[in-house]
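First, the structure itself, so that you have it in front of you.
We just call them A, B, C and D in the order they show up, numbering each chain from 1.
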Amino acid sequence: MLTIGKYTFQSRLFLGTGKFSSLDVQREAVEASGAEVLTFAVRRLNISDPNQPNFLENLDLSKYTLLPNTAGATTAEEAVRIARLARASKLCDMIKVEIIADPKTLLPDPVATLEATKILVEEGFTVLPYTNDDPVIAKKLEEAGAHAIMPGGSPIGTGLGLLNPYNLSWIIEQSQVPVIVDAGIGSPADVVQAMELGVDGVLLNTAVAGAEDPVKMARAMRLAVEAGRLGFEAGRIPKKRYASASSPMEGMVTA
Amino acid sequence: MLTIGKYTFQSRLFLGTGKFSSLDVQREAVEASGAEVLTFAVRRLNISDPNQPNFLENLDLSKYTLLPNTAGATTAEEAVRIARLARASKLCDMIKVEIIADPKTLLPDPVATLEATKILVEEGFTVLPYTNDDPVIAKKLEEAGAHAIMPGGSPIGTGLGLLNPYNLSWIIEQSQVPVIVDAGIGSPADVVQAMELGVDGVLLNTAVAGAEDPVKMARAMRLAVEAGRLGFEAGRIPKKRYASASSPMEGMVTA
Amino acid sequence: MLTIGKYTFQSRLFLGTGKFSSLDVQREAVEASGAEVLTFAVRRLNISDPNQPNFLENLDLSKYTLLPNTAGATTAEEAVRIARLARASKLCDMIKVEIIADPKTLLPDPVATLEATKILVEEGFTVLPYTNDDPVIAKKLEEAGAHAIMPGGSPIGTGLGLLNPYNLSWIIEQSQVPVIVDAGIGSPADVVQAMELGVDGVLLNTAVAGAEDPVKMARAMRLAVEAGRLGFEAGRIPKKRYASASSPMEGMVTA
Amino acid sequence: MLTIGKYTFQSRLFLGTGKFSSLDVQREAVEASGAEVLTFAVRRLNISDPNQPNFLENLDLSKYTLLPNTAGATTAEEAVRIARLARASKLCDMIKVEIIADPKTLLPDPVATLEATKILVEEGFTVLPYTNDDPVIAKKLEEAGAHAIMPGGSPIGTGLGLLNPYNLSWIIEQSQVPVIVDAGIGSPADVVQAMELGVDGVLLNTAVAGAEDPVKMARAMRLAVEAGRLGFEAGRIPKKRYASASSPMEGMVTA
């Protein structure tokens, strides 16, 4: 069970709702993924009628926790403004802070993210900042009151996986709040690697929506999250240069 | 569905029966893994009463296909002799050829393996040779009539995973028979990586039996095999240095 | 030739002066390395007689450009104060900003580093900030007037090499000022990898001082910097899955 | 100093003479590389006038040890025949056994290589077999009398570098004869990695001849071989997750 602020979830897979080829594929993929938390960009909301945003119309929103994000923001001020808009729509008081610094790499601005996180925590939001994988920034975000840390594995949409597993492992070791890998995942193998490192969850979008068969990939990702979590909990064997050098395993069944 | 010679299986996970801390753990792990094929060393068989080998006594053998292996053999002649013994016991006509060349690394002898494979194919066995990851040796084994190719990911029991994914990918590309990764897997992440490369199955033993919680790890491995296979079939997104450089995704739902 | 602010250097290897087993080994290693720039912690200076700091007494300081660092600082204010002290000693107006955020990982504080960089640039220093490998922070440092960017390859003293070559490559692509990898290098292979990526130089300390034979390692590192730079300039062959699939190389000498 | 059979060399870089854009570039690259051993395909020799093969005519052959190879052979018999032809030309009694099994990957045939090696050793040649990176095959080649083992880092001409450093390290550990990495190297970084692992030398061709500036790359490779060898001898620092956890370095100069 995953607890973020006042929320608890059975599933450790968060799914983005964008980039699907059709609303039907979107709905089927969401279902196949087992996700309980769905993210979307507030700027895509139909503000005049926030209860019926067209790109979510195929989903039974009562079944999911919505995690609006501030995509489109390039400053702390913009992110805060978007977060307030999201709350005003009464969809959710969770907010994923996403402030992009560079239109080419789509990497987040850690300084502005830190600023926005401080303000939004003070305003009572449940704040999940999308950040780089620097353990020092992660610590500052946690000290600012973030309810989860969302480091990128690699830049958004690249599918490059976890570029720096060491940084992720240091973030995991130091964090008292959940750690959710938020960008760059390309395939189930990346998910399992992250889960075995000990992250608390993953947020996917392009890896599912952009797959040749998004619904099948959503199912693969669901199983990958479970496999990785179980593998983490089950305690893997150590790596050795020579298995033959191991101490004899007495009393064991050998075949 | 996986077809090897005249056999077909739903599960793509083959499990070794050795190295478990107790027969109860062994049985529970076997069940949790979903394996249909179980391997064991013929030399552990009680030859005088082959229908009741003590280290398999806790398993309902009618539910599984048994894949005896020739562990202990260091020459082709020994492997052939062991294979004939296994067939005489009427347990199965499948045989995993395992001829260890070096007691330190436990790496297989590809030349002797090729020799034994030729003889056993002629004698009508369904032959699954455990081999190195050299595509040239794999091709020779297939030309000799092997019913599946079983390259090691890394040396037996090391948990080092797939040391050379390129070699595995070349074997997969050239092979008309199934390719089953047979040694060195350490965790579910390794399994998913192998399955996404396109291998037809994996054979596990130490990674499950040696885990802190073998039964939970068996379940993790079962899910990992499924996640990896689905991921392979679903067609992952390409890796890119910059996602922003992608061609515009027209007609897509964006959020 | 490497230009940083108003300084130019032939050598692309910067060497730290600490952690050597003796002052004689230090001097020999410095000479073997070919370094023109030597770094040291200001806090180790004998402030009352800054022209004769004891740990540098074996070196002919007239032959080197000194790059004092602010090691020991944990805030921007402390770093600025140390930098002013260094300048007051008239040793150099270059300063390496080093503000450690975490005593365990020794990772730098990017926010405080950015602050200190802004102040020191305004005060006329030639500023080389040691930072994480985040391209966004690197960009902010450059915009703040930093004369070079010094991202860590991995945490100080770990010898883990370049944990995230992608981040380094993005920093190199975007930077108008030199990029010097500053921490984590363990061996000549790491140096060559960095130079082939296109970094302008490397700063070494533990990898040389902590080697079994520091003087020989210093010579190895000097050659590695040159090999890597030449390799970068010479334009390596592309990586291919199959060389045989290359277009025919007409008019070439083949043997 | 590198000793192979009755030969000794100062340089640990062996260079292939093929694939250069002109004989002038070839000559300059050979000189810049510092190589003492040059390889070439016997089938390119002008047999009727073996002292003046046209593709080597620009080189002062008295300065080099020639290492003819059996490229073009696909069986042991062909390789043996080519080796005898080479010896008949009185160019050298060294022979590099190269028997390609697959025109697509250009991977060597280990079984035929083993056969040819046995025969040529008996005939008094100094035999350097090009082989896969399997430690078991390497051992068999050494037992057959090979004077050096030449495992490929990756397939010929691919520039993929060392696909399996573990296998190379096991070969190095077990071998009493020199180990020379023979294929797949793409850049100086690959060379240094190999030398730090402890290989005795490298054989390059495409990585130099195919570079944008082959002469500069030859110089880079020369320095890389030296840097890597010195680094290997100098004893690198261990890798650590946290340098701060190291035992205090008493008596050391710290800066």
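Following the convention adopted for this analysis, a residue touches a chain if its C-beta (ideal position, glycine included) is under 8 Å from a C-beta of that chain, and two chains touch if they have at least 3 such contacts.
Everything quoted here is computed from the prediction, not taken from an experiment.
For C-D, the matching interface among the pairs A-B, A-C or B-D, defined by over half of the contact pairs being the same residue numbers, is A-B.
Of the two chain pairs examined here, A-B and B-D, it is A-B that is joined by more C-beta pairs in contact.
Taking each chain's centre as the average of its CA atoms, chain A and chain D sit 47 Å apart. Distance between chain centres (mean CA atoms), chain B to chain D: 34 Å.
Look at where the CA atoms of chain A average out and do the same for chain B: the two points lie 34 Å apart. Each of the following residues of chain B touches two or more other chains: 105, 160, 166, 241.
Those residues of chain B lying in contact with chain D across their complex are 101-102, 105, 107-111, 114, 132, 134-137, 139-140, 154, 160, 163-164, 166-167, 170.
By the touch criterion given at the top, residues 16-23, 26, 39-41, 44, 55-56, 103-106, 155-161, 186-189, 191-193, 196, 206-207, 209-214, 216-217, 219-221, 223-224, 226-228, 230-231, 233-246, 249, 251-255 of chain A touch chain B in their complex.
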